[in-house]
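Letters A, B, C and D mark the chains in the order given here, with residues in each chain numbered from 1 onward.
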Amino acid sequence: MAKMNLLQAINSALISAMTQDERVMVFGEDVGHFGGVFRATSNLQEKFGKARCFNTPLTEQGIMGFANGLASQGSVAIAEIQFADYIFPAFDQIVNETAKWRYRSGGQFSVGTLTIRTPYGGGIAGGHYHSQSPEAYFAHTPGMKIVVPRNPYQAKGLLLASIRDDNPVLFMEPKRLYRASVGEVPEDDYELPLGKAEIVKSGSDITLLAWGAQMEIMEKAAEMAEAKGVSCEVIDLRSILPWDVETVATSVMKTGRLLISHEAPLTGGFASEIAATIQKHCFLYLESPIERVCGLDTPYPLAHEKEYMPDHLKVFEGIMRSVNF
Amino acid sequence: MQHRNHLGDINTVHQVKLIDKGVVDIPMLQIMQPDGSIHSDATMPEISQELAVKMYRTMQFIRVLDERMVAAQRQGRISFYLASTGEEAASVGSAAALSDKDMIMSQYREQGALAFRGYTTEQFMNQMFSNEKEPNKGRQMPIHYGAKELNFMTISSPLGTQIPQASGYAYGQKMAGEEAVTICYFGEGAASEGDFHAGLNMAAVLNCPAIFFCRNNGYAISTPAEEQFAGDGIASRGLGYGIKTIRVDGNDIFAVFEATRKAREIALAENCPVLIEAMSYRLAAHSTSDDPTGYRSKDEEARWHAKDPIQRLGNWLAAKGWIDPAEDEKYLAAKRAEVLDELKRVEKVPVCSIEHIIEDVYDTPPWHLQEQLQELKDHIRKYPDAYPKTASRVKE
Amino acid sequence: MAKMNLLQAINSALISAMTQDERVMVFGEDVGHFGGVFRATSNLQEKFGKARCFNTPLTEQGIMGFANGLASQGSVAIAEIQFADYIFPAFDQIVNETAKWRYRSGGQFSVGTLTIRTPYGGGIAGGHYHSQSPEAYFAHTPGMKIVVPRNPYQAKGLLLASIRDDNPVLFMEPKRLYRASVGEVPEDDYELPLGKAEIVKSGSDITLLAWGAQMEIMEKAAEMAEAKGVSCEVIDLRSILPWDVETVATSVMKTGRLLISHEAPLTGGFASEIAATIQKHCFLYLESPIERVCGLDTPYPLAHEKEYMPDHLKVFEGIMRSVNF
Amino acid sequence: MQHRNHLGDINTVHQVKLIDKGVVDIPMLQIMQPDGSIHSDATMPEISQELAVKMYRTMQFIRVLDERMVAAQRQGRISFYLASTGEEAASVGSAAALSDKDMIMSQYREQGALAFRGYTTEQFMNQMFSNEKEPNKGRQMPIHYGAKELNFMTISSPLGTQIPQASGYAYGQKMAGEEAVTICYFGEGAASEGDFHAGLNMAAVLNCPAIFFCRNNGYAISTPAEEQFAGDGIASRGLGYGIKTIRVDGNDIFAVFEATRKAREIALAENCPVLIEAMSYRLAAHSTSDDPTGYRSKDEEARWHAKDPIQRLGNWLAAKGWIDPAEDEKYLAAKRAEVLDELKRVEKVPVCSIEHIIEDVYDTPPWHLQEQLQELKDHIRKYPDAYPKTASRVKE
């Protein structure tokens, strides 16, 4: 075990994957010699050569097109999109191509060996073009898997599993935690399961559900609520697609209440899918409406970032609204 | 000349010098004249009788297939078709210059390349009837072929997407040490997509052994080339990417063959992309959903009918004595019968059973898809008459 | 009044808009002389000249980039995307640019004069690249309006309102109905309100909610249910964003039940947002879980189109599940 | 030469002719030599003393602003900054050749153009402190300026998006009968985006009076130009689009001025786009988030320091007697003081009140945003300490 921050954990996972399988290649804007603008790919070019870790020209649609082709050939493609806000030029390549490749060919061809890494989320004074959380845009796309880690340990294990999973995975990294989140991480290779939520803390009065950087907020809010005598069950969804309905539904049947939180705007955010599914599965168990504590239905603001964020206070208020319904 | 991909010193001029498209002349390679004779100063590529006849017969077969399937669509037997009439030399000639190991990523009007690789009449029919014998499992509209064993990537409708994909595929071939290239076909219309720019630029920078083969057939549905671009065709763009480029007469199968052969040689030897622009004309309607009489003249069509690539090769073969023109009608009649027979046979083959509706979305169907399938099957069992294609085969 | 099909109604709206305001321009692939692959723009080039109705090169991202610039200049830009399945290359221009233009400039600049027209939906043997219903991808994007008409009368009135609304509007046309739906349409200029749902039929036992081509299906299912003694209130949402929560919530408070249906895949579809919102607004009124009858979580199939579709039988079953809960 | 945007006949060759980037020579316009003297065979554009001095002072001001704001960022007073050091001539020289009616759509390193148009120190500060006095209402990161009254479109971070937008804007200007063009600035990195391709091609086909001004400064963050493209810079792409193109020494403000003046003249007279590639070098780090020592040599930087565009114009002006070099230090000192004063003053200006959080998403805030605002205000009132920037001003 070693103490690592989230960036180091990502870097360690990439080194593991590249060491173990020489078909693994890492590419994107500035990921080569420079090691990426956040330095997640530091030293990869030095270790594995310029052919396996390289800069691409500045074109996200090109990166994803290239990645699709490379993965369909059988190579293991790990493409970086520098900020999740800049993934949209690649939307067609991801939604129409990546996600439908295996399906349209009847399984003859696939891009299952593709992983897309991208930093997402706010809290870094980045405004509307360096703070977005676009998971819901992709979650409406059958064929994709979407994974979001909450800390370094999760990051390494989930990234290795994503790279090796035989489906294309969009791996979203909470950039606010890149250096802020530090923890023990095994130096060895290990994987954590995709498609499985994790109960981070058991409780009996309400289920709190989130993913990625938002997990910190949930835990903080849960502490506040516990101080008021509300017992919270805190769940990290980890995989947005396919998502673990069973773990969530089982928890809600126990607690009778659910609060979901994400930074992305409320309308059409992934919390809506969860709420829609859980109100059906747990109709007779729900003691209050499912709460969504999310970003406002505006672009992500700069000067008003603090006000916009679904912070622990807003989550706490949501918890109290729910238990006092 | 100056490479501006470094920051060294650079020649200067002291008066404004406008660079305009006139500065480069990009002529077109032609080996065989429209009448089937070979230009006296041309070097004929080495092509055996067997290969030349195979090229010819493949073109003829495609012509027959196109005619029959357009008719079948009119009769309502298939939902859609798209002919390559007039452009057979471009796809057949280029495919003939490749190795079977080379990956083909096509747009949709390259049935000639697929037939040349060995796709059978039955396979064509299975695909067009979206039936259960089709390896793509009937998931795609007619003409969206795909055949793993022939190294023919399944076709995707969104235009241009295959262009950067071909760069990536070729990069993978190079990394795997394969003696193979990727050929990527696209129309001059698709070349307007951003993916074209990304794909060619990346291939050049990342040294991908790919052949980008543009079929410039003058139209993108109703949009004529002059409303598609203002430069000197697509070939002139190669310059901007630093990609070696060849323009070729797309109706001269020998020129197409030779350009592609040369391109492949360069791509493999130098690990780099090559761009080919084949000048041709879409004699057919864009597809069975289209009627070109509204946007172009009979005259224009007639001028291109006169350049028919099949006729041209036929004349050459006949002059050479490699085919007997009398055989032609027999061959065509046999192929017509074959197509009709297969059509009749294949249209009775059922579509895939309902279980396949959730397959291949992921490597294995996740629980939520299994649940959705279960619900669907229960529903079909309840209303079998409403789902005649699948109801009789719904199992518990 | 004249009998028109949906295409003719669209064409009539475009003629009205172009006649009334010479800043209105119509462009896209094949929309010029040819009149568009569906002929929605027939005769516009002849009537208004090549400068105001023109073909563009084949590039959706270019069309939308051009449209954004043109609208920001003050022209009234009506851009056609030939099929909604091909809107994804323009996703960045729409989601990052169109939707955020006014916001990022503090209202100094805007593309409020932009309307994007695109045919969507299945039922035409088009498979996964000529059948998609991508409304939910855009509904997660503050700054956009999204409108879907169900018949020729609605189409003309809503399109004219969309063109003149001072916000960018994505106007999605149910292509299955282009020729199939015929009705009386005023030849004069008129507008129908954006952001307002319409109660198409009153009822008391369950609320059925949909939009566009799916409205037909709802009415057919409602008839089946009425025959079983279930009184259905049928609502056409018409605007997906912003959507009319009040009309829907009021209806659900009356009926106690809600079923929402769309062709797009279930997960992350817009029904999820509606369900999440209504379970909150109407928690104490709901007598059964909100039902979603939607497409499967797969790409849109070709051979199994009939099976995939949320048809009247599936909606009817959903109604009975809801009332028998 | 052959236009392939029609289907007429075309010259042929009978041997493969490879077109490679070597076939065109694209030299670079230079009027003033690095030492500030004018090439003897160059034609100096007509530039009055007033204009020349304004150009010079604007460059100096920007240099000062950049230095001070980088320092302010290091002190934690602003969150981000991005300097244009070394490239001032490109943006100032081009802006100087425009009319104030021309729309400027920039990338983010064109503060020189904005300052030339009249943006004040206070306005720069307001933007960088995202305060309530800023017309963009503090919604964008520092350096994302926008000023309607100066015809300077608000900057957007996603790269390349402004390129097809400029085509559309210019088309609108033409339709409105304005005697104005749109200038669109972008880096050689951004030119790899698909939007570049779409924008230039559309401008050429649709006859848009736009000037596409590429700042080729050798780097896109850490990525050197040779990993960005393999052709002869960005200029060589103009050919492929059929767009008249001028390459210019980006550190020679007279050459930049003349190229832009000429481009504007052509754009208006012929209703067409013109592409300019300005060769320069990003002497600064990419931004305050970047450290270039990891990816390039001090040597390389030193070579370009020697070509400093401000020094170059200064030498010319001094030789001409249009400035007194002794004034230079005074001017710089005054500007430094002005920047610091404004900085101190402006950093105390509050951000917008919370009401603005929902504004400008739509023309008027719809009911759901009003509801969200109401909830937010209630929440802030409950926890005022947690939201210090807005709490004291939250009204009912």
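Here, a contact is a pair of C-beta atoms (placed from the backbone, for glycine too) under 8 Å apart; a residue touches a chain by one contact, two chains touch by 3 or more.
The UniProt protein names, listed by chain, are A, C = 3-methyl-2-oxobutanoate dehydrogenase (2-methylpropanoyl-transferring); B, D = 2-oxoisovalerate dehydrogenase subunit alpha.
Only a predicted model underlies this, so the values are computations on that prediction, with no experimental measurement involved.
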Handout entry: Most remote chain, CA-based centroid, reference being subunit B
Key = D
Handout entry: Interface with the most contact pairs, given as the two chains involved
Key = B-D
Practice task
Averaging only over C-alpha atoms, locate the centres of subunit A and subunit C and give their separation in whole Å.
Solution key: 30
Practice task
Would you mind pulling out the distance in Å between where the CA atoms of subunit A average out and where those of subunit D do?
Solution key: 35
Handout entry: Separation of mean Cα positions, subunit D and subunit B [Å, integer]
Key = 42
Problem - Residues of subunit C whose C-beta touches two or more other chains - result: 54, 57, 59, 61-62, 85, 88-89, 92, 96, 100, 103-104, 128-129, 142-143, 267, 296-299
Practice task
Would you mind listing the residues of subunit D that make contact with two or more other chains?
Solution key: 137, 139-140, 144, 156, 158, 192-195, 197-198, 201, 205, 227-229, 361, 368
Handout entry: subunit B residues within the subunit C interface of the complex
Key = 79-80, 130-131, 137-141, 144, 156-159, 189-190, 192-195, 220-223, 227-229, 289-290, 294-295, 351-352, 354, 356-358, 361, 368-369, 372, 376, 379-380, 382-383, 386-387, 389-390
Practice task
Going by the contact rule at the top, pick out the subunit C residues touching subunit A in the complex.
Solution key: 61, 85, 88-89, 91-92, 95-96, 99-100, 103-104, 128-129, 136-137, 139-143, 241, 264-265, 267-273, 275-277, 279-280, 283, 286, 288-292, 296-299, 325
Exercise for the section: Give every residue of subunit A touching subunit D within the complex, in rising order. Expected result: 29-30, 32-34, 37, 54-55, 57-62, 85-86, 88-89, 125-130, 266-267, 296-299, 301-304, 306-308, 311, 313-314, 317
Exercise for the section: In the complex, go through subunit B and note every residue touching subunit A. Expected result: 103, 105, 134-137, 139-140, 144, 146-148, 153-154, 156, 158, 161-173, 175-176, 182, 194-195, 197-199, 201-202, 205-206, 359-363, 366-368
Practice task
Provide the residue numbers of subunit C that touch subunit D in the complex, in ascending order.
Solution key: 23, 25, 51-52, 54, 56-57, 59, 61-62, 64-75, 77, 89, 92-93, 96-97, 100-110, 112, 142-143, 145, 166-167, 195, 242, 245
